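As written, the chains take the letters A, B, C and D, and residue 1 is the first residue of each chain.
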Amino acid sequence: MEAWRVLKEEIEAQIALTSNQPDQDILDVFKYSISKLGAGIPHDDQIFSTWFYGAPDVTYAADWIYFLIELARSGESYSMPALHKMAKYWFVHPSHFGEYCGLFQQYSFTKRIDRMLDTLDRDSFIELLTVFRSYIMNINAWIYQYWPWGVSYAVPRKDRAYYEKGLELLSQ
Amino acid sequence: MAENWKMLQQEIDAASERAVEECPDDMLRVFEYDIVRTGAGTGRLMMGPWWEGATSTRYLGSYYIFNIVKVAQDMNISAEQIRQLVNLMLPTALGTVELCDISDYARFTRQTIDCINEEIDDREDMLSLLNSLWFYGSAANAWCQYRMKWGIGLSFKVNHRDDLIYMGSRANEAFERWDHEKKEEN
Amino acid sequence: MDEPRFIIRWPELNKQVRVGPIDRNRKLFDWFMENLPARCIQTTTVVAGLSVNMQFIRMNKTVCDWIQEDMELEYIHEWPCGRGFMFMTAGNVAHLCFKVDWVTEPLAYPTFCEVIEEDKPILKEVGWFFWERLLMEKETYHVEFIREEDT
Amino acid sequence: MRSFIMRWPELGLGVRCKGLDINQAAFDIFVENMPTKALQGHEMVGGWLLRDHSILFNRKPFDIPKVELSTENMDQAPVGRISFLRPQGRGAELLAKYDESVDTREYIPVAQVVPEDLEILKKAGREQWKATTRTREIIFVEFVKEDA
């Protein structure tokens, strides 16, 4: 079987797993605040900035791959070498940071896609990236599940009346 | 007709010069004073506008415009391809930037898209305008990052090996979670 | 003949350091020097380990004509404090960082300059000062870049 | 007009959803992929919307070109609207509007909860809001065809 089909099957297996439960990386980083490669630790030993910057590389990777597939499907306006290079710029290079934040599974898939990019024709490029996008969307769903939304119950949106009352209190 | 895009570029460049000096109102509003005039922020929670606002601001500039400018230089793509990339990629992040009330950057971006679609055909002019927008976007990204309430993070400590070992050793002492969460969560 | 250098100055703190080229990516150093003087606001990194972060420096005279990935890269967690690198730089916009202290991020970037040994303690001092301000006070601090010969 | 059921086993709630006179091909592809299941989430910027960040098309890929899909801004959509976001190939995001929304972004409407089930939908929305922001309870949503 071709290398990309072997990888596709492994990604499918992770899609099946993460459709029902969070995977190890999600639990490690977003539920149990484990920093596996040291992200955030030099900055007062906190995990919040790792969440804040590591998670969007998942959320937006799904968008970048959506765009790359749209470009690959838009006829010949982009050659395969051009699409391979754009894939590197748009989602491979930014993904290094995701590994550092602890999303090892996603990055191991990304590295394997990167290594075989030059061998992919248009159809296999679309098919492999399509499956990878679904995997990333599953991971993103779990990130949104564990994100600390509740902290901003203490910091709600404010309006004019709020600040007018504040001014009044300040001027007493 | 004075070319609108040059007037837009001047406006963006002027806003950029101000952003070198001080924090734009958009970032003060959302990240300092918790004001979102669009009413965004479900349930009045600011975490959505903070996180998705800062993130969409960063990706609008640092991944979409930055990479378009980069591939234009590296792969010599045509004016038509630049237009295609702009129309395909920018609107997605722009919608969130706008909804999170980062209004100047949203307006500049929307007007840049309009100019590239309706007024500019020359490739270098497109890149010149995108360059100006990319500079302003970098400034907006820097200010979002600087103004974000990082102090919150000081209460979310990393769990180190000793923490986890201790927690594991005390697991039997923990009060059980509500029954309906007993299912397969590992 | 001494190597050319530039000065990084923090006007609000009345502090500055001298920065010279290193044994790699001289093209980036010369491009940066060519476009000075320049000014930006000062922020810091928040995940990787402390670097001072100058995210939008206008390169007015000449456009960036190189691609980051094609430059000679070094792993930031291995190189000395005080070394500077370009991050997402394109067009007329430079994004510059200087490693201040302990970094755990194992990523590779194009380094091209370094604070001279004598001035490294100043960089460490101002670096941590900016991290503290980022946590609450958030006053605005500027950072200026001037060619040493022009001072 | 074909319909499907959107239900939340953990909450014991379910609503009937009917197709629209627009984007019918998209509705058909979605139904053809049923039954399907996803982690239920919530929209955190645009207002009172249930949001599934990952809907999977495991049987029939979504192959309708973007230009052939009509869109609407969520703040203009009626309560009960079911919409896709970036449907393509094996996946999409799905949103269900259960109360007010200020969301000016564009979505692809594909179905509408029947009027008599809107209160049930709102109850599910409120339960998910509490789970997302406070209890972190894990709630799944299921989509099943409803044979006539």
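Convention: contacts are C-beta pairs under 8 Å (C-beta built on N, C-alpha and C of every residue); 3 or more make two chains touch, one makes a residue touch a chain.
Because the structure is predicted, anything quoted here is derived from the model rather than measured.
**Student:** Among the other chains, which touch subunit A and subunit C together?
**Tutor:** B
**Student:** What whole-number Å value describes the gap between the mean CA coordinates of subunit B and subunit D?
**Tutor:** That pair's centroid distance is 26 Å.
**Student:** Mind checking the centre-to-centre distance between subunit A and subunit B? Centres are C-alpha means, answer in whole Å.
**Tutor:** 15
**Student:** At which residue positions does subunit B touch at least two other chains?
**Tutor:** Each of 41, 45, 47-49, 51, 70, 74, 92, 150, 154, 185 in subunit B touches at least two other chains.
**Student:** Quick check: what residues of subunit D touch more than one other chain, meaning two or more?
**Tutor:** Touching at least two other chains: 44, 86, 133, 138.
**Student:** If I count partner chains per residue in subunit C, which residues reach a count of at least 2?
**Tutor:** Within subunit C, residues 46 contact more than one other chain.
**Student:** Of all possible chain pairs, which ones touch?
**Tutor:** Contacting pairs: A-B, A-C, A-D, B-C, B-D.
**Student:** In their complex, what parts of subunit D are in touch with subunit B?
**Tutor:** Subunit D residues touching subunit B: 10, 42-49, 86, 102-106, 129, 133, 137-138.
**Student:** In their shared complex, at which residues does subunit B touch subunit A?
**Tutor:** So the residues of subunit B in touch with subunit A come to 33-36, 41, 44-51, 54-55, 58-59, 63, 67, 70-71, 74-75, 77, 81, 84-85, 88-89, 92-93, 148-150, 152-159, 164, 184-186.
**Student:** Help me check something: in the complex, which residues belonging to subunit C touch subunit A?
**Tutor:** 45-50, 69, 101-107, 131
**Student:** Which residues of subunit A touch subunit D in the complex?
**Tutor:** 15, 19-20, 63, 66, 69-70, 126, 130-131, 133-134, 137-138, 140-142, 144-146, 149-150, 153
**Student:** What residues of subunit B sit close enough to touch subunit C in their complex?
**Tutor:** 16, 19-23, 32, 62, 66, 69-70, 73-74, 127, 130-131, 134-135, 138-139, 141-143, 145-147, 150-151, 154
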